[in-house]
Structure formats: C-alpha cells, structure tokens
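Got some structures for you, see below.
Two complexes, one shared chain (chain A), two partners (chain B, chain C).
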Partner chain A sequence: MTNKEAAGTAGFTVLCAGEERTIRSFYCCDLLSHVMGQVLEDTCWCTVMGNINTIAVATLTEAACVVLCHGIPATEEMLRRAEENGITVLSTNMAEFDAAVALAKAGGIAL
Partner chain B sequence: MEPLRYELHCHSCASPCGDDSMTPVMLCGMAALAGIQLLALTDHNTAANLPAAEEACAAYGLTLLPGIEVTTEEEIHLLCYFPTVEAAQAMGTLLYEYLPDIPCEPDFFGNQLVMDSDDNIIDRPEKLLINATALDLARTKVLAEQLGGLCVPAHLDKDSTSVLSVLGIMPEELDFPCVEFRDPAKVQRFVELGALPPPREVLTSSDAHRIEALGEAGGIMEHPEESFLWPLIRRRLELQGS
Partner chain C sequence: MNEDIKLSYTVPGDDFTRAGEASAHCKATLKKLGVDPAAIRRVAIALYEGEINLAIHAGGGNIDVTIGDDVCTMHLYDKGPGIPDIPLAMSEGYSTAPDEIRSLGFGAGMGLPNMKKYADTFEISSVVGEGTDIVMTVNI
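Right, the complex of A and B next:
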C-alpha cells in the first residue's frame, strides 16, 4: 500500500501530500528521540506530535508518512516543512493504534 | 545594583542546530557589541564550549553564567545554570552518559564543534546532543541543584519541547519560581488557564542559534538582587572581581 492509497482510506484526510512511498510497517509513538532510534524506513508513523520536529524525525527515518491522530492539529510550520521535505501527513480522529490497524487492514499489510 | 542587561539562552557551534560560525569567541564578542553584560551559553546537553566562553567573556568584559539546556526524558527543555564551569561540566559528563547511543549525522543535524578560545576545533562529540536524555524533569532538577545549580523551564510559550506543550500544565510538585517566555505578554493567559502558577520572575532571552539573532537578544533585570538567579550571578561577579 502506498501513502497515497492510505490517504484515500475512510477516516483519513490529507494535510500534506508528499512523495509517493510504499508503507511497509507501522509505528505508534510520541517520543521523538525514541522514534529516531527505532523506526525503520517506509514506516507509517502514528503520533500526536503535530510540530515541526516530527517532520525532522520523519525525514531522517525516511518514513512513508506521518499520521496525526486524535484530530490533533498540525502547526503551520510543520506543514510548511512537510511540503519542503516531501513528507506526507495525514490526519485522523482515531487513536494511534486504531489508525495503524485501519490502514493495515485497508492495505492488506500484516501487523 | 544597577539594572543588568542579560542574554541567558543561546547556542554555540557545539549544538548541532547552532550555526558553525557561533564559536564561543564570536558569540561573546557579538554579545558584548549588543550591550549584554550577563551572558549564559546554554548548549543542548553539553558544557563543552563553556571553558572557551569563559575565557572569551573575560576578554570582552562580560560576566558568564555557565549554563546547559537539558533535554529531559519527556523531551522538555530545561535551562540549568551553574556557579562554575566545572559544575556545568560535571553535569555535562552525566548528561552524555544518559544520552541514547545515536550518532550525530552532520549532514542532517549540523556539526557539533567544540572549540578552544583561539577558535580551533578541539573535539566533535559523537552522540547526537539534541536528543532526550534518560533523566526526567524532576531528576534533572535534583541533579543540577546538587551541583549548586538553578533551573528555569525554557520557552514555556513554544509549541514543542516546553513543559506546557508536553505536559499541559506545570507539575504541582516541582517548584520553578522563575520561567522563560519568548513573549512575556503570554504569561497571563497560561496563568488564567490554570496551567501555570503565577511565576515570581519571567526571563526573556533570544534562544539564538545564529549570530544575527544575538543583536536583538536578551532582556533587562531591573533589580538583579531580587532575581531567582541572584545567588549564582553574585558568585560570578565575585569570581570575576577576584
């Protein structure tokens, strides 16, 4: 499943459409330093951290996309940086785990 | 005592996000030109450039307040100020041990340059210094205080890495009489929301990462003797005098 296809899944809206990438795994975490050390590339990262640092970590880890959960808004700064770095950012009202499960089901990805 | 012009939150080239031109000598020289009298260099989780800054401050007639901006386990930035460079270095050594074993990738994060007072690079710490340490807010405060330090929560009005953006409210059990705001006009709003007990003192510094930002730096302490940081400031003035 690509991040573009994920964006079309029910319950998700697009805040920033970045470069197309294939989602290979999911990760739910809010501590940036932890994500930086753990996340593999092409991960769909579900978080509530809607600030510019999220994009820095997503860029570094070559994340497939960032999903902002619980309807948490993104700062303007975050979206501007996402645009510059080609990072896809989705929004959902779901909790992190529920968002990952919904996308995995839609994309037929094993959790 | 006369009012004191201060800049108590800025970064040198030891911070990966600090510009390479922010050498301790350059920083202290620019601060002196900007009319600052009391300068704290507060790099992320390191005291490595404080010895050079202390020498440069002495040369430019500034008073250095040794500082570190600690990233706590909760990813909160806490400014820690110390009576001596040695005390700050002791904290720095401890922080390095508590940083995760993730190397700094200079192409992405920037260089981490430790300089001497002649602007020579003498070290490049391996671990990424902006990461969160494994010390929580309460423990960081205790450790800094054990070394004679005082703590000030950084940029409470920032939408990331501040106590209020991460925890929502100031934890009741922690006593921070002095806090930092980028815009002091916002203090009242957080107090009214019940997120922050009315602070005794609010500091405003530049958080400069580039030389240009130092020009607009700092604030003025009208009555330095009444500042929460006065015990440290007095000590630094005495040391400078002797």
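Right, the complex of A and C next:
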C-alpha cells in the first residue's frame, strides 16, 4: 500500500501530499528519540505530535508518512516543512493503534 | 584518494525550528556523494540527536563534520553546563529535559544512547561548568 492509497482510506484526510512511498510497517509513538531509535524505513508513523520536529524525524528516518491521530491539528509550520521535505501527513480522529490497524487492514499489510 | 569534505555548523540554543539544519544539510551532502542510504540514515539520526542535545542542554554549540573516503567524523562541542555523571546520562530513559521540552516530544532519555547506537565509534568527555565534547564516526 502506498501513502497515496492510505490517504484514500475511509477515516483519513490529507493535510500534506508528499512524495509517493510504499508503507511497509507501522509505528505508534510520541517520543521522538524512540522513533529515531526504533523505526524502520518506509514506516507509517502514527502520533499526536503535530509540530515541526515530527517532520524532521520523519525525514531523517525515511518514513512513508505521518498520521496525526485523535484529530490533533498540525501547526502551519509543520505543514510548510512537510511540503518542503516531501513528507505525506494524514489526519484521523482515530487513536494511534486503531489508525495503524485500519490502514494495515485496508492495505493488506501484516502487523 | 579524494580530499576530505569539511562542514561546520553553529547550533543555536533553544531554537528547535533550526535544530536539524546540520543533519539535513549533511544528509543532502552525503546523498550527492552517492553514499549508501543506510549509512546516511545513521549519520543523520546521530547528528540530529546531537543537535537537539546542544539546543536543549548546552544553550547551543558547534558541529564540525569531516567526510572522508570511508568514514564520516562528527565533532560536537559546547560551552554548556557539562555532564556530571556520563554513565548515567548514557543510560536509556534518563533525562534532565524540562517539561516544556518533553511536550515537544523530546526528553525520552534516548539522545546519547541513540547517538552511540547509530555511530560506529562514540567518545564523550565533559567537564562540569566548561562543556561537553563528543566525537563520533560512521563508516560510509
């Protein structure tokens, strides 16, 4: 499943459409250093951290996309940086784990 | 043998919108040089953790990066408060970051451990009241 396909999944809206990447795994976490320490490339990262640092970490870790959960808004600065770096940002009202499960089911990706 | 590439950065204190510029620039430079993406990722993450530490704990600092034929050397130094107990600071989960920093997603106590994890060599020295000096390398 690509991040573009994920963006079309029911319950998700696009805040920033970045470069197309294939989602290979999921990670739910809000602590940036844990993400940097653990996350694999091409991960769909589900978080409530809607600030500019999220994009820095998504860029460094080569994340497939960021999903902002619980309807948390993104700052303008975050979305501007996401656009500059080609990072896809989605929004959902779901909790992090529920969002990962929904996208994994939609994309036929094993959790 | 090609001549080494030298890059220098100044990291401002408490400006988290700019922290990340050194790692992003270094990453772009390594990419242009055709370095293995896995090695670039390790350099970028180790350097970003270092930048964040300089911004949070040291009131800013400096980073010198040297890119050689087969190794990327990163030297981070500051004139901050120093680290009284390095083994404690190196242990996963230990953090002295204040609450407002934690609310940004930092302060998990994984910064120094991540730097060591992603670097091939990692050396740290610190004097309380004088500052901290870190040299780490990643084979490229």
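The rule is simple: the second predicted complex is superposed on the first by the 111 of 111 C-alpha atoms of A that agree within 3 Å, B and C clash if a C-alpha of one lies under 4 Å from a C-alpha of the other, contacts with A are read in each partner's own complex, and residues count from 1 in each chain.
Simple rule for what comes next: contacts are C-beta pairs under 8 Å (C-beta built on N, C-alpha and C of every residue); 3 or more make two chains touch, one makes a residue touch a chain.
None of these values were measured; they are calculated from a predicted model.
Upon superposition of the two complexes on chain A, a steric clash is found between chain B and chain C.
Residue contacts after overlaying the shared chain place A:Ala17 against neither chain B nor chain C. Using the contact criterion defined above for the overlaid structures, shared-chain residue A:Glu62 touches chain C, although it does not reach chain B. In the superposed model, A:Thr75 makes contact with chain B only, not with chain C. Of the two partner chains placed around the shared chain by superposition, neither chain B nor chain C is touched by A:Ala95. Judged by the number of chain A residues each one touches, C leads among chain B and chain C. Judged by the touch definition given at the top, the superposed model places A:Glu41 against chain C, while chain B stays out of reach.
On chain A, the surface patch touched by chain B in one complex and by chain C in the other comprises residues 31-34, 36-37, 49, 51-53, 59-60. Residues 31-34, 36-37, 49, 51-53, 59-60, 75 of chain A touch chain B in their complex.
Residues 16-17, 19-20, 23-24, 27, 37, 41, 44-45, 48-49, 104-106, 108-111, 113-114, 117 of chain C are the ones that touch chain A when the two sit in their complex. Across the complex, chain B meets chain A through its residues 71, 75, 100, 102, 105, 108, 131-132, 159-161, 165. Only residues 30-34, 36-37, 41, 47, 49, 51-54, 56-57, 59-62, 77 of chain A touch chain C when the two sit together in their complex.
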